[in-house]
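Should a chain be cited, it is by its letter among A, B, C and D, assigned in written order, with residues numbered from 1 in that chain.
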Amino acid sequence: MVVIMEVGAGKRQIDDVIARIRSLGYDVHVSEGRERVVIGVIGNERPPDPEPLSLMAGVRDVVRVSSPFKIAGRDYHPEDTTVRVGGTEVGGGELSIIAGPCSVESRDQIVETAFAVREAGATALRGGAFKPRSSPYSFQGLGEEGLRYLAEARERTGLPVITEVMDPQAVPLVASYADVLQIGARNMQNYALLTAVGDSQRPVLLKRGMSATIEELLMSAEYILSRGNMRVMLCERGIRTFETYTRNTFDINAIPVLKRITHLPVIADPSHGVGKREFVGAVALAAAAAGADGLILEVHMDPENARSDGRQSLDPRDFAALVRRLSLVAQAVGKRVSTMAEPVRA
Amino acid sequence: MVVIMEVGAGKRQIDDVIARIRSLGYDVHVSEGRERVVIGVIGNERPPDPEPLSLMAGVRDVVRVSSPFKIAGRDYHPEDTTVRVGGTEVGGGELSIIAGPCSVESRDQIVETAFAVREAGATALRGGAFKPRSSPYSFQGLGEEGLRYLAEARERTGLPVITEVMDPQAVPLVASYADVLQIGARNMQNYALLTAVGDSQRPVLLKRGMSATIEELLMSAEYILSRGNMRVMLCERGIRTFETYTRNTFDINAIPVLKRITHLPVIADPSHGVGKREFVGAVALAAAAAGADGLILEVHMDPENARSDGRQSLDPRDFAALVRRLSLVAQAVGKRVSTMAEPVRA
Amino acid sequence: MVVIMEVGAGKRQIDDVIARIRSLGYDVHVSEGRERVVIGVIGNERPPDPEPLSLMAGVRDVVRVSSPFKIAGRDYHPEDTTVRVGGTEVGGGELSIIAGPCSVESRDQIVETAFAVREAGATALRGGAFKPRSSPYSFQGLGEEGLRYLAEARERTGLPVITEVMDPQAVPLVASYADVLQIGARNMQNYALLTAVGDSQRPVLLKRGMSATIEELLMSAEYILSRGNMRVMLCERGIRTFETYTRNTFDINAIPVLKRITHLPVIADPSHGVGKREFVGAVALAAAAAGADGLILEVHMDPENARSDGRQSLDPRDFAALVRRLSLVAQAVGKRVSTMAEPVRA
Amino acid sequence: MVVIMEVGAGKRQIDDVIARIRSLGYDVHVSEGRERVVIGVIGNERPPDPEPLSLMAGVRDVVRVSSPFKIAGRDYHPEDTTVRVGGTEVGGGELSIIAGPCSVESRDQIVETAFAVREAGATALRGGAFKPRSSPYSFQGLGEEGLRYLAEARERTGLPVITEVMDPQAVPLVASYADVLQIGARNMQNYALLTAVGDSQRPVLLKRGMSATIEELLMSAEYILSRGNMRVMLCERGIRTFETYTRNTFDINAIPVLKRITHLPVIADPSHGVGKREFVGAVALAAAAAGADGLILEVHMDPENARSDGRQSLDPRDFAALVRRLSLVAQAVGKRVSTMAEPVRA
């Protein structure tokens, strides 16, 4: 349940409403918007009787939110949320392009790749320093060393950095280097981690679990939002189905569905969504046409020799060509590819 | 295995090769192209030794086709196949739009809808006369009466007609009215039916089964192709997954995958693929951006009162707006929406 | 909707009710039980107002059946249905064992196998004469020749014969040889075929489609039942999931679910359900423990050289050992393995 | 790769082999069995050349393990592993029964339930103190208070306690109260957590993720095993499929598959596997018949009023009846239900 205060409701009225809700045994989440204050009622599964609350001074409306997610829903926040990442806004009607290698492999590799993707049109750099791997015997990433290289690549190119965090204890460390914290598909329901990134107040890119429903994705976003961190971007990255020709099945339906039911920006990850380089471009164009706010793409200087996910990485040339095609499709649906405002450093 | 004859190989050389293959216990499928003859070797699962065949007079090459589909594959036929439907070609670099109601409900309904979709840009009319319904107690379609109304709509609008056939015995009847025979998802592996439409020599729209792999779809196409009917169009219409928010999960990956491995035209059915009207447009745009050769869309004059599938049908106004947006996306990926050459009758 | 007549309601009362229902635009399905008559109301999706019917003479009750299947449900027929197959009843509290090869390959093969499985405890013989194969280039079965061999095996062993039919036109032919008509998984929603076997009045073994829900399986059974053929046995044979280690995922949950919601006998097919010989026994024991009324098992004299499905076939020795273990598990859950009443011929 | 030493190989020989492997850039995992020492070679994806190692003194064999899991596989450890839990062994040919509520709700509730399940035949008590919930607004468990109540229930009944841990930082706390640490399905690929419980040296019950393959489950087990913690029990708890009638699809196939490819004990969770109380018994019997080493069952004194998962919880009476039936099925497959050796305290 969500209590929407009048424009201009005073602090005392707001405090009274909060006190009343708490006296009924519920917790509150207060969202102070530019125009008005909205109070989320958080508690066990049955919400309180809306009528007494709706009669209180300063209350404009009490909305019973029937969906299991509250703050993530358009009932609570009808307009699109935008998230500032570096110098650009994600979610504000443009198409943001995030690119970089699956794993940070060396200083030279990440810096070189950062320049290449910036040149081609990316406005953020991705790269894994802590890698979740099915096998304990596979390369697990460079760890903090990888984070330092990412920071160096940002320093030199101006691209903000997005990287995965897998352990709640590592959140402060990763947040000290990264602009955006990524929650991977395997951790979509790792609630300790969601709570930790919620508390970090950093922008978060939350990937859909490989067998998570759209509703479960929003519930996981709700874990972050309910800690007061509103800077959440959702990422469709393919779901697990019976089809084995492709690595995953990119759920294109999820793009318009999410755009309708949530105000949070929606990013598409065609690299994982299809898993084979030769199909990544088509799926990227499709996601842009379907209304995605951004794309995250794996780009490697030498995909054949990548330490992970080479099979689905584009080389810089193919990436640049794809950005040009994305630009045309974005225009066709009334958008444009996001560009960096500040002068490029080199 | 496929035996490719030299350009100019004589009838006798061809007959000798066929005789040799038969003497080894295999059957043949002879494809007489404009330039050369190609002979498919059909038999149990182990193909014959290619060497003796490759040494015969007039033989240019013997290709071992490792994929389980042969005639459907690009190994066998590298260029795109186009299928003539009414006055237009499907698969020739344009985007064909097929539209109409789920079910033919009355003469007026189908004629009125045909004019509306033609006006908006469709080049073929869809409509079900025989409806596969999960329940024996649901509306099963108007049957032959529905076919007559479809033919009348074609007569009046010039739009070729595509309609489903479910029973091998009904193929001659349906073929006597329809331009294209549709095989529904539930019948993708109904081999008696595939054989019957193969023998009909009519163009066929083959829908992917709701849990069929891409490879199985091509194997079912192979049943039709192996009867010598080369006019097969494939249709991605969503697969069954754990996600319940949408009716099916439209497999956008299948579009570029099919375009790469088969020469047959690929049609997308966003109406079934997502199953809710408000998301059909976004998925249609995505399919066009991903490289589909055509779209098949459910359009109803009054979706709220449709006898079937109203939930996923567009009204003519939304359909017309979508065609305009499709036109822009088609341009962005180097195509254009197919239009009818002949003067419109009314 | 189902109208339940009083015990002893007269023919005239029954006819009046039928006439009233028909006058409202509905069709009827009349079930004349030993005690009373039950009338199923068949029509479009909205049932008639129950009250006027409930006031008619001879009517005991009008039950609104909320589930989409009517005759298949326990609301309509609370007690277990049994189906006579040869000299035994399937579904009457015993565990029936059906066994035989995937395909009939020769007269000797099927006769020899029939003796072997009868010796080990089977009460019916399975064997495919018409084989649905994904590829048009694979062995498609011996056709009518295979049916003749099956009939000969029955003649010599006394085992009733169950075999698949794939084409509505072939139903009379197959029914002239077989005791039970099998509908394969690929044809579970082939409505022309369901109607044809419904009209044949032969017992039917209906296999669940590989991505069909339990409810859809019952709706397909309803197609057969609504033609007045009550001798339907359902078969769980594994569903398609993301797991690739096994051929399918045997849905053990479906056994108790079906036993609760339908009165029809439930047969388990562990051979297809798991797809690898070494796991078939464990899944068979599981299905028996979960309450299946019978098992259908692939047995081949020489699995390594089977023309189809050798990977999942047991040899006669392993089959005999499994029957002994099944007997113990059946006892543990209060059943016994079904045995043939008549003296064995040889 | 695994190096198997001769029976009686000396410490020096073993140390030499280890030194050689390390000099090649690999890590080792040394398993000192009762008879002989086995050395796992852990490293990047390409193993070393086996020949030089096989020629070293004391080496009996060098086994290239082709499967991606090593220590979890039967190649590495052919005999069944048993895990001591309280006074009983899990995995030693008996059927262990673990039971208790989904959540610890109060001291009285857990103590009363513990007595009830022990009375009925359980040898371990389950109960959640930290609950993973899809919604941040649902009951999250009593936390440490719940752990204290579980410990008190153990104190009074003698039942060892198994409870979930969700956060790596909480492992020491949970391990200070619990006998077995449970990793829930959502955390099966939470590698920080797997590493933490690996280091804890406590027995671990690892649940299969809802869309994890059997191989991925074993890879996650490998994370724990590779920390030297060999006391891992695997738990099949149902996978996510398209079927919506049941909460999950219990993968019965996984039981015999796991028993064949791994030496670790396999526990079945029919409560989550089917998700509706009325079907739990049938699935439990099936799992026992299929060869499970144990069952974990949700039991609540008053399922209708449970704070979580009431829909799938048995009451003590139904649980006791089920244990009696399980005992019969266990006997039928040559096992017996595990019982507590020590005198019952009260």
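Just so we're on the same page, contacts are C-beta pairs under 8 Å (C-beta built on N, C-alpha and C of every residue); 3 or more make two chains touch, one makes a residue touch a chain.
What you see is a predicted model, and the numbers here were worked out from it, not measured in a lab.
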Pair sharing more residue contacts (C-beta pairs) when B-D is set against B-C: B-C
Chain C-chain D separation of Cα centroids, rounded to whole Å: 38
Chain A and chain D, separation of their C-alpha mean positions in angstrom: 34
Chain centre separation in whole Å, for chain D relative to chain B (CA means): 50
Chain B-chain C separation of Cα centroids, rounded to whole Å: 34
Junction residues of chain A - those touching two or more other chains: 211, 240-242, 244
Graph class of chain-chain contacts, one of line, ring, star, complete, other: complete
Chain C-facing residues of chain A, complex: 211, 240-242, 244
For the chain A and chain D complex, residues of the former touching the latter: 42-45, 68-70, 132-139, 166-170, 186-187, 189-193, 210-211, 216, 219-220, 222-223, 226, 240
Footprint of chain C on chain D - complex, ascending: 211, 213-215, 239, 241-246, 249-257, 259-260, 273-274, 278-279, 281-283, 285-291, 325, 328-329, 331-333
